Structure formats: structure tokens, C-alpha cells
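Across the two complexes that follow, subunit A remains constant while its partner is subunit B and subsequently subunit C.
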Partner chain A sequence: MHLLNGMRGALIGAAIAAVAILTAPLYIDLFQIMQLTVFAAMAVLALSLGFIWGYGGILCFGQTSFFGLGAYAYAVAAINFGDSTPAIALAILVPVIFATLLGYFMIYGGISDVYLGVITLTVSLILFNLVNSTAGDFYKIGEARLGGFNGIPGVPTFNLPGDPSYILTPEQAWMVTGMALILVYLGLRVLIASSFGRIIVAIRENETRAALLGYDPRIYKLITFMIGGAIAGLAGALYVNWGAFVSPTIFALGLSAQIIIWVIIGGRGTLIGPVIGCLLLQWLVTEIGAQQAMDANFVLGAILIVFVLLVPKGIAPTLRDLAMSRLSRDTAPAPTADATAKVKT
Partner chain B sequence: MDIAIIVGLDVVSGIASLVLISAGLAVIFGMMKIINLAHGEFLMLGAYATVLSVSAGVNIWFAMLVIAPVFVGLVGMIVERCLIQFLYGRLVDSMLATWGLSLVIVGGTTMIFGNTIVGVSSPLGGFQVGAYQSSLYTPFLALMALLLMTAVFGVMRFTRAGLIARAVMQNPDMAATLGVNPARVYMATFGLGAAMSGLAGGLLAPIAGVVPTMGAAFIAKAFITVVGGGTSILWGLISASGLFGFINQIAAFLTTPVFGEVILFIAAIILIRLLPTGISGRFFKGRL
Partner chain C sequence: MSVPLLQTGGLTIRFGGVTAVDQVDFTLKEAELRCLIGPNGAGKSTFFKLLTGQLHPTEGHVHLRGQDISGARPHEIARLGVGIKTQVPNVFNAMTVQENLWIAARHKHTPAYATELTDQILSELRLTAIAHKEVGQLAHGQRQWVEIGTVLAGEPELILLDEPAAGMTHEEVERTAELIQDINRSRALVVVEHDMQFIKMIAKTVTVLHQGAVLIEDDVSRVLEDARVRDVYLGKGLAA
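So, the complex of A and B:
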């Protein structure tokens, strides 16, 4: 129970967010609900990287690989089964299997951060080329044609579990996506507060020390990587459900970069940071797309450079540090308060 | 027999193009241990410099062998002064900054030149092997790769600059105590690596579609080659290019070019599991 005590703030916040999500269709029009749905799906993706990078210390530059595999797994399974429930399970399972294989080779190979970043990035590039080349009748899985560059259109969206004839309305899909975001967030909070979470943070801080204390860093890192893959895969299913469409651009470099930028500007080592970064950036990219004065890549790149140089910790930790220093100043002993008063006068 | 010659030529050209597209990246990685994620964009800038010079009436050989490397080399020096130098000792941040730079360059080029393919025609003709036709440009690329490697070897082995570079590579702190300023060496290295990428971009301009996003098509192979080769600039690059170029071309011949790339990647990841520091970390330790 003490686990939940430490999370009282998070639980209250989540409850407020849940109420907001469930009542949103009452006062927001359908177009904006759709927009918010994709934002929420992407926020789940941001959480996956925020977890493995911010807490596990795994520098994964190709989180889109798992996102895209989840999306494609969902699309192929939903077309074949005509039911979204097993498709969602596969959208999580396929990326996890892929993450296990890839993670095994990288983490048990004992490669450095730099190599890991480069290899994960390369994986997403190669998946992009591979899926891009699957045009034509030859490439189909069951009923689903992969469609190469054109992607898979007309993917069945979520239905009520057990009743494929009841398709969720856009408002219901929004509630499912929003609630998934909250559940993933809370799940990760619990995981981080558990002994597993403490161990992976210890490994992030000092791998040798954790190993000397008897924890095998490799298995913990691998499990972290797999959890990240599972969450990214779920985000992929939510994303396909939003657009009923998936194409190879889901693996493209631009999206890989965006995920990194969400986490960087939001802040590593927090969970709310990546969500905030994701929502801000998505809104910004949508605005840039509407203005058409600037290239979105140009703005994103500039933001990334500025944050790396000037705000390397990201928004959420910087604000938290500011609040902390303000707080500790307020409660500081009298002489310090006098000193600041003197400076002010 | 003819088909064997053609496949053999393909293998040679595959190895040569791996050497060319990875050389700049390998130099920067070998010296500074950072992966320049804007590498693909340096190639792209070299290609654009060549295409624009040729359409302005400059001789194509001069454009791709001189203008492209000099221009991109200067860009590299500016980038090092304005961006990378603040991030020494922060490897991950320097990679992220170069990734941001890569987006800025792609976005900027798109805003200036638009998202359309430009190109120059291949300057050399073709030749006949039995029933097959091949381009003379392929052996020319192989020759350029050979010359580039020879030049790197010569400079590193026989000149004072090469001696300083090797010293900084082996132990930057020790080199600094002996009066070498590693920051200046790094600046020169970054410029040199960028120039080599520019040269490769110029050489690729006649055989690749020149678009702002063209870098993405090359970086996967370049990253794999450099990571597989390890930190030794020359031997790592040559051994990894040789191995991966061979695997890639044979696999591409048996399946499709895209599957060739996938098989190349699988081979590379198995190699990384066996030799986490790359080929040169195991077999050419401490060599160039």
C-alpha cells in the first residue's frame, strides 16, 4: 500500500485527466477530438521512449521500429481476423519478439551507448526500405496486401471485444486512446516505484556498481527494452485505429527524430515530460503544416539543437529544479533570508 | 563466365561505394568517437554542390573532385566551431546535436531548392562484357576509393599532421600534455571528415537522384560499416567495407537490393554480438 501513497499526486492527476477525457466529446467538436486522439496515441509512444531512455538509460534512436511493427501487425491481423481484439494483442506481441531478438544481440554483445543508438536508428531505416519494397501481389500475409509505398488502406478500426460487428465511434475511440495513455502512465509509475524500477535506475546511474551488488544489468536492460517495445507497439495499434491506414512513412527518419525531440524537450527521467513534449511538438508541427511558411524539419532540427545546447535537461526537470530551489529558499533559515533581503534592497 | 565478371564488378563497386560513403564518418568516429548523424546531409550537400556547379557551367570533374569536398569541408569546420566544440565530453549530446543539424540541413535545402530531383549525367561511357553492358563509372569509383584510402594511409603514416592525429586518437590527454591542442585537431578532423563526405557526395551525384532527403538512402550502410569496422580508421573501414560489400552484393544478386541490405544488417548485428568493438577492435587493435 505504501507504493500507492507515494503516488497520490499522480493518481489524483490521472483521475482528473480521466474525467476530462471522458467528458471531452461533450464540449469539443469531432474534428478536434480526432486531432486529440492522434496526439494521445503519439504520447503513448513518447512514454515508451521516456521510460527506456529516461529510466533504463537505453539510448534507442529507432523507437519507430517497434511503433511501425505494432502498426503493421495490427493492420495485417485486423484485416485477416476481422476482429480488433486479437490484433491489438499481436500489435504488442510482434514488437516484443523483435525487441527481444534485437535487444539480445545488442545488450548481451555489451556494445556502447553510441553503437546502440546507431544500430537502432539503422534498424528503422532498413525496415523503412524493406516495407517500402513490398509492393505487388507477391507480398501479402493472408488477406492483407502490404502494398509497399502505398501502405495498407481501409484497416478495420477497434470494435467491442467479442463483438466484431460493433465498431467504436470516433468519440469512443478517443476515450479508449486517452484511457490507454493514462493506464500506461500509471503502469509505468508503479513499475518505476517497484524494486524493478529502482534496479534499472541504479543500472542507469552506474552499471558496474549495480552488477557488483548482484544484479545482472543485461537481463534488466533487456526487459526494459522489451517493455518499451510493447508500449510502442500498443501506440502503433492506437495510431492505425485513428487513421484506419498505415504506410512505410511510419518507419521514416522524421518520426524517429520527433520521438527523440519529444523526450529531450520534455525531459529525461520524468514520465510527464515526454507527454508534454509530445503534445507541444505535435501541436507545433500541425501549426507549421497549416502555415506552410517554414519546413517542419528545419524547425524541429533547430529546436533539438537549442535544447541540447541550452536546456539539456528538458522542460519538466528544469521547472522542477526551479520550483525546488524556490521552495528551499522559502524554508531556509533566517540568516539566508536576511542575506537575500539585503541583496534585494 | 560473363555473368561471373559482372557479379565480380558489382562486388568491387559495392565495396568501393561503401568505402567512399563511409570514409568521412569513419575519420570523425575514429578520432572523436562520435557518430556524425548529419553525415548523410554532408553527402547530400556535396552532391548539390556538384550539380549546381555543373549547371553553372563548371567542368564536372572539377566540380566533383574539388568544389564538392572544399565546400563541404568548410561547412564541416563551421559546424565544429558553432556546435560540436561546446559538446566535447558529452558524446550522446553531440550525436543529438548533429541529428538536429541533419534536420536543419534537410529542411533548409528543401526550402531553397524544393523537393525535386536534380541530377547530372554520368561523364564516362560504358563498356561491353559479353552480352552485358557495364558503365565505366564503376571502375572509376573503385579507383577513387583506392586513391582515397592510399591518401589517408600516406598522410597518417608519413606526415607530421598524421603523427599528431594518431597521437590524439590513441590518447588525447597524453597528446595534450605534450603540447598538442586536441580541440584544434578535432576541428581539423571534423573538417577533413566532412570534406571526404562531400567528395563522396560529388562522386555519387551522377548515379544517384539528388534530393534533399537523399542522405537517408546512404547512412544506414555507412553506419553499419563504421560500427562493424570499429574505431581504426583505415583497417576498420577497409575490412568492414570488404566484408559487408561482398555480403551485400552477393545477397542483392541472389534476392533484391533491399533484401541484400537486410541480410547485410543481419550479418552486421551478428558480427557486433561476436566482436562488440568492431573488426578492428579485435584484429587491428591500435593500428591506423
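So, the complex of A and C:
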């Protein structure tokens, strides 16, 4: 009951977004649908970092490791099985296993937050170099040639579950990707409202206090890290499905930095923020690319600086604060203000 | 013959050249209320950190009901029923008062019962009016109360309070003293405090720490009359 009350706004928003996603092909051309598909896949990736950093307090500089592993796992599995359904499962499973091992080593090893950032970044660079050097016939997993820096072309895209002969149209693939984004968002909302969600926020706020109350911070952080890996892996599968292609640049530094910028600009400590930040910046970069008047990286950097200085909380929390102060001004004695302040988007 | 609730033997910790806690033998019976006093830097907070697993001893041991917990981690010791209010408040700043207590209560209980227990403690501690305020925005005295509430919500059997009355108004100090006596009806406590008035209000047995070691342990009236204790508090003994 209580949970549903807090979720009402999210459910209504999700329902509206779902209708928009499902009807979009009616009034948007295919080119734009394709563009929106990759935006949505990236937004899932943004959610993965938005969750582990914003709620778990884990700043992972190498979220692309899980994204890339998911993408490669999907590509290799889809080529071997000729069916996307088990490939998607593996795109989640492989990064989760990797996140478990890496997370266990870092978190139970008592590595500090700063080193965790450095190590995750380094791991993504190692993966980049590893996969980059897999050119040649020797590097094959079953039928799939890893292809080194050339990547894997011609990856089978999503098919109807249970019917590999029915390949989804680009419009259907868009709907699947958009709905995946909504489901991941709602799933995370439910998780955050649960006891587990409250406990990880408490650990983010004060690890010592949480431990002194009997919670083992390590297991909670590890599970958070694993969930982040799972979501990033799913995003990887969605991404490969979009382009039917994957190459080692998926592990590259540029993307790692971009994810962090999306979260900072959209707003840490919210879920909608990273989605907004991701969609907005991708759209902007695409526009700038189309006009070719300015350098996209330069504009990204400038926007980041402006935000860090002027809107340090990011878009979503700032908008929420504005709405909240207006709300409490309009309804002079506002006993509900505190109660609503608790409901984080 | 009964096993004491808490017992330390030869408990020692050194930081480089500093021996912060020095060969401390300390015994606490079930449901006992003990005051731990000593000048600044005597090692009281460090002693509490050793009891709660935040630090591990260089030498010696800590036994809780006969079980060796010297090397245990903080969450393991907490699960054995030890709760602590630290000197520098450890609270969840970005969360509300209600949420702070709820997290503590949730460890043992279902979400619904945790909410019930939280409400009960909030009203006992007269925190209901600020239940939905963010703890980070409260004054120091109020944050102390929130932390005490959080400790109580964890339902520990042994409660350690490190300077619980610091930053409180006179009236709040009296309420804290009442609360401690109230808690002591069913549970054991060790209270570190500087304020002698406060000690007189609650104390039966007092342990005095000085330069990491136990200087004297006796009935409150005798401790407060003791010449060495006065020396220590006036600073004369510090050079020794």
C-alpha cells in the first residue's frame, strides 16, 4: 500500500512513456526511431551508474566494462545459438559474474572509494586492449570470431522469443528497447523503496553507523555493484541489437566519461536524472554532429563545467527543489512538504 | 560464578609510540550501569572503539558473555547485542529522523514492526515533531538524541554512550540522565561523560581512565573524593 502510494507518480509517468514509445512509429520516421533506440539503450546504461553511484555511493569509472562484456556476450551467443533470447540472458549473466569477482576483490579487500574508481577504470582499459588484440582466426568462440579491433559485424538482432525465424522489425526493436528502459527504471524504483534500497542509502550516508547497527556494508555494496553490472550488461545487448555490430571501442575511455557526465548533469541520487541527462546530451551531441560547426567534446566539457559550477545537484534534483519550494509557498502551512520531500524520483 | 556480560583483559592498543589504551582489565556485570571518566585523551573513545570492533587491540582480549570478540568486525559485534552512540555523532545525514531509527529497527524486525517500534521510540524521546526532518539539518543536541534513538531502535543488550550529554541544554541533560536510568532497568550501559554533575546524577560505580590505564575503579562518592582523581582532572598528574 505504502509502496504503491510512493510509486504512483512513477507508475503514471511510466504509463505515459509506454504509450509514447508504442505509438512513436506512427508519427516518427524510421531514421528517428533508430536514433531513439540507441538513446534508450544508453539510458539503460546511465541508469546502471545512476543506481550504483547515486544510491550505493560506488563511483565506478569503468561501467563500460559490464556494458562491453554484455555486448560481446550477446554477440557471441547470438551468433552461436542463432537465437537472441538465451543471448540476452548471457549478456546479463556474464557481466554479473565478472562484477561479482571484481566487486568481491575490491570491496572485501577493503579498497577505498578512490581506488575503486581507479581500478574499475583500469579494468575497462585492460578489457579494451584484450579484446582489441583478438584479431585473427585463432580467437574464435564457437562460430563467432572476435575480430580484434574490427569487432564483430553481422550480429543477429532480436527475434521473437521461441521463434528465431521471426526477426523483429526496427520499430519492434525500438519498442522492446524503450520498454526495457521503463521496466529497468520501475524495477529500480521498487528496489529503492524496499528495505534493501533504504539500507544501501544508509550505508552510502554513513558506513560506520550502518555497521554499528549490524549491517555488513560489504555484502550490500557487492550486491549493488552486481545489480549495476546486470543492468549495464542488458544495455550492452540492447546496443548491439541496434547496430548489429560490436567493436572494442565499446570499452573505451570516452564512453566511460560520458556516462559519468550524464549522471552528474541529470542529477545524482535520482533515477530520472541520469535518464534525462543521457537523452539530452546524446541529442545535443547528435545535433552538433549534424551541424559540424563545433566540436562535440568541447561542448560536452563546457556544459559539464557550467553544471558543476551553477547546477551542482543536476537537473532532476534542482527541478524537484524548485517545485518543492513553490509547493510549500502556495500552501502556506504545508504539513505534507516533508512527507513529499522523502519521495525521491 | 556467572560469566560477566563484558570482560577485557590486558586490553592494549598502540598508535606508533602512543599507547592509547594500556593493559585495561574491565568487567561489567549483566544489567550494570558503569560510568567511565577521565581527562581528554585518556583513551575512553579508543576503548569504546576496541569494544565495538572499530579498532582491533594490539594486545589483550575482549570477551562478551565469555565469547572472544577481539578480532570481530563492527557488524558482528552489533549483532551480538552491543549498541554504541559515538562521540562524534554517526547518523545518516541525508535521511529523516524517522528513517534513521527505522534502519536500526529493521535489522531485527519486519518492516511493519520496525515502523511501529520507531514510532514508539520517537514518542518516548519526544522526537515525533521532528520525525520527518532531515538529520543533517538538526542542531548538535538534537542529532545526539537521534543517535541515541537509533541505538535504542537496534534493541541492544549492552549500550555504550560516548559523551551523550555534550552540546545539550541543562534540561536536556536531566532528561538524558533519566533516560539512562530508565534504560538501565533492563539493560547494561557504559557511559563516558565529562560533566561531573551528570556523573553524580547517574553513577553507582565509576572507572577512571588516565593515559590509557585504569587509575581507580570504585563507588562514585569515593572516586570523586580521591586525591589522584582530582589531580588528574586539575591537570597536575598529566606530566607524570
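By definition in this document, the second predicted complex is superposed on the first by the 330 of 345 C-alpha atoms of A that agree within 3 Å, B and C clash if a C-alpha of one lies under 4 Å from a C-alpha of the other, contacts with A are read in each partner's own complex, and residues count from 1 in each chain.
In the analysis below, a residue touches a chain if its C-beta (ideal position, glycine included) is under 8 Å from a C-beta of that chain, and two chains touch if they have at least 3 such contacts.
Note that the structure is predicted; figures quoted are calculated from it, not measured.
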Contacts of A:115 with subunit B and subunit C, given as first, second, both or neither: first
Touching partner for A:99 - first (subunit B), second (subunit C), both, neither: neither
First (subunit B), second (subunit C), both or neither touched by A:125: first
Which of subunit B and subunit C A:210 touches, first, second, both or neither: second
More subunit A residues in contact [subunit B versus subunit C]: B
Partner chain in contact with A:263 - subunit B first, subunit C second, else both or neither: neither
First, second, both or neither for A:199, with subunit B first and subunit C second: second
Contacting residues of subunit B [partner subunit A, same complex]: 33-35, 37, 83, 86-87, 90-93, 95-97, 99-108, 110-111, 216, 219-220, 223-224, 227, 256, 258-259, 261-262, 265, 269-270, 272-274, 276
Of all residues in subunit C, those that touch subunit A in their complex: 52, 54, 73-75, 78-79, 83-84, 86, 90-96, 99, 102-104, 106-108, 111, 132-134, 150, 154
For the subunit A and subunit B complex, residues of the former touching the latter: 59, 61, 102, 105-106, 108-111, 113-115, 117-119, 121-123, 125-126, 129-130, 132-133, 252-254, 257, 260, 264, 294-305, 308-309, 312
Subunit A residues within the subunit C interface of the complex: 195, 198-199, 201-202, 205-206, 208-217, 338-339, 341-342
